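Read through the structures below before going on.
Look for chain A in each of the two complexes below; its partner is chain B in the first and chain C in the second.
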Partner chain A sequence: MLSYILRRVLYIIVVFLLLSVLLFAMYKLMPVDVVEMYTSGMQQEMTPAEYERYQEAFRIKLGLDQPIPVQYAKWMGRMLTGDFGTSVKYRRPVIEIIKSPMAATILLNAVTMIFVFAICIPLGISTAVRKGKIYDNSVQVVTILGYSLPTFIIALTVILLFSLVLGWTPISGMYTPGTQLTGFAAALDRAKHMILPVGVMTFTSLASLTRYIRATMIDALRMDYIRTARAKGLREKVVIYGHAFRNSLIPFITVLIGWFLGMFGGSVMVESIFNWNGMGKLLIDSITGADFAVAMALEMFYVIIGLVGNLIIDLAYTVVDPRVRLT
Partner chain B sequence: MGKKQKDLFREEMVQSPGRTAARNFFSRRLSIVGMAIFAFIFFGCLITSLVIPIDLTYTDSTRINLPPSLDYLRVPDALAGNIKAMDIGSTYGMGIDQNGKLHMWGTMYDTAAKLKDLPADMKPLKLIACGLDHASAVAEDGTIYSWGNDRMNITKINEDAQGKDIVDIQAGQWVTIALDSGGNLYFWGNDSQFTFRASDHQGSYKAFAINIATAIGLTNDGNVMALTRTDTGFSRVPDEVQGHAVAVASTDKIGAALLDDGRVITWGPTTEREQLTVPEEIQGRVTQIDGGRTHFSALLDDGSVVSWGENSFGQINYPSLTGYDKVIAGYYQNAALTSEGGVATWGQRGYLMGTDQSGRDVFTRLIYGGRISLTVGFISVLISGFIGILLGGMSGYFGGKTDMFIMRLGEVFSSIPFIPLAIMLAAVVSNRISDTQRVIMIMFILGFLNWPGFARLARAQILSEKQNEFVTAAQAMGIRERVIIFRHIMPNVLGVVLVSLTLSMATCLLLESTLSFLGFGIIEPTPTWGNMLNKCVDSTVIRKFWWRWVFPSLALGLSTISINIMGDGLRDAIDPKSNDR
Partner chain C sequence: MKKTLSLALALLMLLALLAACSSASPSGDAPTTNNDPATGDTPDTPDTPDDNTGDTPDTPDQPEGGRPTTPSGSLIVYFNGLDANMMSGWGNAVGNAAIKELLGGYSTVAFTRGGEFIINPTSVKNFEETVNDDGSHTYTIEINPGLVYNDGTEITAKDYVFSFLFSCHPAMGAEGLESDLAYGMEIYTGALPYINGEATSISGLHLLDTYKFSFSIDAETDGYPNFPYWYSIVNASVGATPYHVYAPGVDVVEGANGAELTGVELTAELLQTTINDPTTGQRYNPSVTDGPYQFVSYDSAASQATLKVNPNYIGNYEGTKPMIETLVIYQAANATLIDEFRAGSLDLITGLGGATNINAGLDAVEDGSGSYISFPRNGYGLVVFRCDHGPTQFEEVRRAIAYCLDREELVRQFTGGFGSIVNSRYGAAQWMYQENKDLVEDTMISYTLNLEKAVEELVAGGWTLNETGGAYESGIRYKQLDDGTLMPLIVEMGSPTPAQSPVSEMFGTFLLPNALEVGMQINQDMLESEAYFAARSGEGDKAYGMMNGGTGFATADSPWYYYDTDPTSFGQYNSNFIADQELYDATMAMQNTESGDKETYFANWMKFVTRFNKILPDIPLYADEYHDFFKSKLKGYERVDTYPVAAALIDCWIEE
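What follows is the complex of A and B.
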């Protein structure tokens, strides 16, 4: 087990390095002159010769005069020590800029996850138990909608319905502008602004997870040990939750973790529509604003999340299913 | 059970798996409906886009955010038959009946909605003029009314004109000009985009013509001059016109004069003038002329009508009837009146699905956007399917180091969240490529990032198929490996992969639209269902201009839903577990 984890970690490091080369290459290919972005403000105040010297000085300061491999090594070294560079737009270290959006994204995703858990497990189980009945079929139709429709269409529809027609929720943003709320009032205000984004994210992720639980539950309910359990005279509740559901958990864990990781990528859309200042919105803003130091740090985060997530999936297997042995 | 005596031999009839699957698929009503809807959308977009032309660079500031309607030409029955005066506005029309009562028809939305609030105590009218979103009218006693969009002084009547003997009144986009019997012109409205100058010949005007940004005057001695200053050829009136003109008309950019010998002379910027060349056969027979945005309509000496110019909305598809004595053109619509007050109309009837923020027809863009979105989805699925099946097949069949390497590679690809990576990739190549290259680039990005799923599926299938006896038998017979993979194993794997391909088409559609929606996929002016929604995240648009997002959303949603239903149906049809036998 330990040696397996060690090997996987080693493998992750290799892949991470490969991906970082790929990302760095993309970074270098970006059609923007970084020096120009830093120095263009001074162009008016200097003579062309002076300006050129100023630009050259900046080029050396940023290390852009060195060969690409050296640049990569230095950049990687800085990344590993936690120095993600400076944002061109805000003129502040990237790490400071990323902090609050990261918290916002994690908040959004965590709350969504709670709702998804609370809804999709009972829903998946109950539809599996009532397979083929009207209840099951109608849930199936709703879930098909959930995973077929793009997030932005659902988002536009709920904005129209709940914000514009009914006026129950704010249209977008993270707090009511112009207010100085504290404590409970601030939390309530934040919660109000979270209703629509969380609702949309829950609805879209609910669909595939519910269908998944239903499918694995149906398979599990066909097994002989279920018949045995029923034959023993166990209560139906025990049969379903104690026997069938525990066994259907294995594939579910994989999907669940995969889904949670995907959510970090997927919340890009929701954040940009609802003006939620999270990492996804920051990524879009930094790429459109050519603030690539921020974009690179975010991409690195996504990559790490992805790789570590894969490891967790494999480890989770052994925890939920003792039959699986990692070698 | 027991309903029918089962025939033992019948039951033994062997059906090929393909036929069983097809029979299963078509026995499910839902899958057929899904397939029908998808086929309708797919072929509808492909075929219709071949029929309807599209000009990607087209924009029209007078046609922005119009709701779906087809009633621009629907003259009310109460008016037809007893028309005294009539004019055509942007998306509506107004007419005065013999009793001086005002009738209106067409679409009046957003800024034009105020047109429905008529001025209080209107006296019987004699003249009417319709602009973009305002209208002006003159009563029998000379009182002038101006109403509608009242921003920027558009309806602030020039007090000098009030009570004068007005003989003609016409409206431009946001301006109104009136002519009195003494040959004086009166101007009011928003002059920020309309430089009007008539002082040179005040007192001697006989007629005038006005369009969006242009106006022409005609004096009693037959001289013609531009009343608006432009740097195009519009102000250079040809000399052959001077002294002979009896009537004038104007499109958006071109001026036209009707001479005393029945000929029509046009002037203005060269390219536009060439599009509006006067048909030779009507020269010498014209008795009256009027101009729309990009076309002219004329009345001939035998009472028939002719339209020529651009035909983007059918505005020159004139009826071949005679007996008219007045022709009216405005924007893309036309009307011809008989002396008894009857009316015939032709030209633009409206927009089936409204227009967007640049005045472009949503229906046309929906069709073209569908063609592009569906093509991108289809081809990127083919790309990822090809790569996935090839690598997955190799991985599953050869095993060992190859398997290890390919599967790890797939893991790397699938471990990175898709949208951030695609955004980054799209940003790298964004600025230096043409629109067509961009479309191709998106296909490849989607294709290259999606293959690991197929590879894993193909590998798993091949691993299980490899265990079968027929493979061992083939190997024992000394059949070459390549033949075993492609002839013996692949056909058994393809069914499952096909289902996965179908379902993945929906995913690709969603991803393309998501990227385009965020502005990192295919960008304007090339339409896709995703980027049509790009400018719609705005509370005004969502509620007021709902047609801009509802129709593309419906098309996209229906496509993905029907693909998913179809894919589910296919999966159940192929899955041997679901067979009733």
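What follows is the complex of A and C.
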């Protein structure tokens, strides 16, 4: 096991370095003059000579006067020491920029995850038990709607219905603008603002997890030990929840870990429409705004999450299922 | 089991709510909050100048028409762009620019709603400009006594002198701070050695007494003469900087060679604490300010900043004090902007353009959601010609293209009727146009669709040949150049993609077929933004003869930088690559007009816009009619595009 982990860690390091080179090269290949983009606003405020000096100083400040391999080495060297550079847009260290969106995204995803699992587990079990019945087919249709429809259409539809027509929920944002609430009132206000984005993310996530649980349950219900349990005269509920569901939990735990790791990645569409200042919105704003220090830091973070996450999932298999051996 | 599942589900819901509650306050970037002087947690407010016996300007009567005498109510204002930087020197998002405008008050120069720069009578008691033997100018300024910051500290000449010494200080350029404040300061006598760390004082800067200081501007900088200069008054603009907060322990004194700092050394480490600390630094939490409003908080998670009235503020250049107690600057999602307005979570949306947005806003107004005002944009959409190569180097071709373009229909369709046509390089909001509309419009060639005139221009320009050098009859026209070669009348056009600029597609209807009819072929490429901007500065793979885009005029619009005939300016400021001496001379005459001499400036400006209109480095396409939508509770709101929203809000009040 130990040698397996060491090999995987080595693999992670190699893949991480390769991806970092690839990402860095991709951003350098983008035909964007970051200096021009971020200094042109000052052009009308300066004489041509001042502006030229300003642009040159800006270029040096960003390290763009250095050869590209040197730029990469400096970026990677800083990153390995926890310095992710400075945002060219916000003129602040990247680590300071990321804190707040990270918290916002984790909150949104955690609450969504709770709702998704709370809904999908009973739905998956009940549809498996009633496989092929009207109830099963109805759930399949409703959940696949969330999967099939574009997220922005669902989002705009719920805004129209729940915010504009019914007036039940705020349209967007994380707080009611203009309020200085504290304590429970602030929490309640935040919860109200979460209803629509959480609702949309939950709705769009139902199909896959419900089907996954349904499929594992159907497999479990076909097992010999279920037939044995029924032959012993156990009540059907005990058979389903006590035997079938418990055994179907083994692959399900790996899904749970995957979801947990996915909490750090924001939804670009949902966060943008609902003005939820999370990681997805930050990433898309950074890319469109050529704020590459932020974009690359986020992407390398996701690379690490992905690589380490896969290792954790593989290890989790051995924990929950003793039959699995990692070599 | 059913009961167990129900219990489990209820528990999960409760957990979800608890999770929401526990994170109700952003953990990473918590809102920064000041003590609100209005709530009594501040030093006593000293007497305002109104209470003094003299030495201060008379405050004009407050406007009539229901304007209250004490601030009340709140207003949520949308700006597209807001971040944590609340202090000049680190970026300038639109929302932050408005906040800085609202936090700063006693600059020596004010910008009026009429679009002029004036000496601010609220802060300046005496202003004197003297011309020195070496051509430099010295400004001696005496400020009014009794001006105070929001924390009650009196403002003296030291605060103004500190502004120079602080902005130019080498520590401000240290790693981690890297402020922009020193750029543009080289014009001040003695500033450059100080910026470079070669001097401890600014030789042209002097602290004369408690309320009086002076500074000088060199005759020229980098080969550019600083005088005479139409905007020279702008260079006399300086605000007060609270040195007791920015640099505790530092004092400002008059030294042997100009004003300098003494006491505690101003170091990057000190500024990292006082300026750059994410929670308490003045860059993110400007606690001591002198403007109409004071900073309360900024919440990055909620994209909003809250400002409250500064009770110590004595008024803008007209003596007007703010009457809206709380302003919330809020960045909402663009996709749902009008919906937010309808729902009441936004009170004021500024500067909406484009038929889709405006019509949505007007629908909301029709539904009773609020009111609106409209005003012309201080800028325009345009076609930029490259004037140094290809057919567009010839002014006859540029004029022919203008005659081939159905501007009226293009503007009508693009703006949905919410736009107007201008005929030269001016904004419909600029005072030169506003005060002389008839004369300007009568003087300019209007370039309405006229293919006969387009042909006349081409013939006059020598585009009378076919591809073999014979007389032109049909197809593409040719012209024989001085070296004997034939140039085809084929113009390459670069456009932003329709996603970036919907107007790009319209040339296919309103220009290209008409151009073909007169013997001109225009090949249009749609370019992604990076390629587009590279092409605009002449750095792309292909040199385009014409490109469509947009431009806006700065408050201190300086056309003299943009038509310099020196080829080194081509592609940078001079994006037309035009070397027309008459045009450049006209701009230089504008620049060299004595500040305040409006009559001469206008005469020079007329020469410029008339020449521009004739040789057409650009075809001005449309000036949008911007719309501001606001809730009916906002009273007294008036806008022109040259006057900042933040300044306009000082005249407003709330009637709930």
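Methods note: the second predicted complex is superposed on the first by the 278 of 327 C-alpha atoms of A that agree within 3 Å, B and C clash if a C-alpha of one lies under 4 Å from a C-alpha of the other, contacts with A are read in each partner's own complex, and residues count from 1 in each chain.
Note that a contact is a pair of C-beta atoms (placed from the backbone, for glycine too) under 8 Å apart; a residue touches a chain by one contact, two chains touch by 3 or more.
Given the structure is predicted, the values throughout are model-derived calculations rather than measurements.
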Does the superposition put A:E50 against chain B (first), chain C (second), both, or neither? second
More chain A residues in contact [chain B versus chain C]: C
Thinking of the overlay built on chain A, is A:A316 touched by chain B (first), by chain C (second), by both, or by neither? neither
Of the partners chain B and chain C, which touch A:S163 in the superposed model: first, second, both, neither? both
Touching partner for A:A191 - first (chain B), second (chain C), both, neither: second
Identify the partner contact of A:S100: answer first if only chain B is touched, second if only chain C is, both if each is, neither if none is. second
Of the partners chain B and chain C, which touch A:L234 in the superposed model: first, second, both, neither? neither
Answer with first, second, both or neither: which of chain B and chain C does A:G265 touch in the superposed model? first
First (chain B), second (chain C), both or neither touched by A:M30: both
Just chain B (first), just chain C (second), both, or neither: which does A:L18 touch? first
After superposition on chain A, the chain A residues reached by both chain B and chain C are 30-31, 156, 159, 163-164, 171, 272-273
Write out the stretch or stretches of chain C touching chain A in their complex. 1-2, 5, 8-9, 12-13, 15-17, 19-29, 74, 76, 83-85, 90-92, 178, 180, 183-184, 186, 221-224, 278, 296-297, 299-304, 306, 326, 328, 330-333, 335-336, 339-340, 342-343, 345-346, 530-531, 533-534, 537, 554, 556-558, 561, 564, 569, 572-573
Using the touch definition up top, name the residues of chain A that touch chain C in the complex. 30-33, 36-37, 41-54, 61, 89-92, 96, 98-104, 107, 110-111, 114-115, 117-118, 122, 156, 159, 163-164, 167, 170-178, 180, 182, 184, 186-191, 194, 237-238, 241, 272-275, 277
Spell out the part of chain B that touches chain A in their complex, as residue ranges. 408, 411-412, 415-421, 423-425, 427-432, 506, 510, 513-514, 517-520, 530, 533, 536-537, 539, 542-543, 546, 549, 553, 556-557, 560-561, 563-565, 568
In the complex, chain A touches chain B at residues 11, 15, 18-19, 23, 26, 29-31, 144-145, 147-153, 155-157, 159-160, 163-165, 171, 261-262, 264-266, 268-269, 272-273, 280, 283-284, 287-288, 295, 298-299, 302-303, 305-307, 309-310
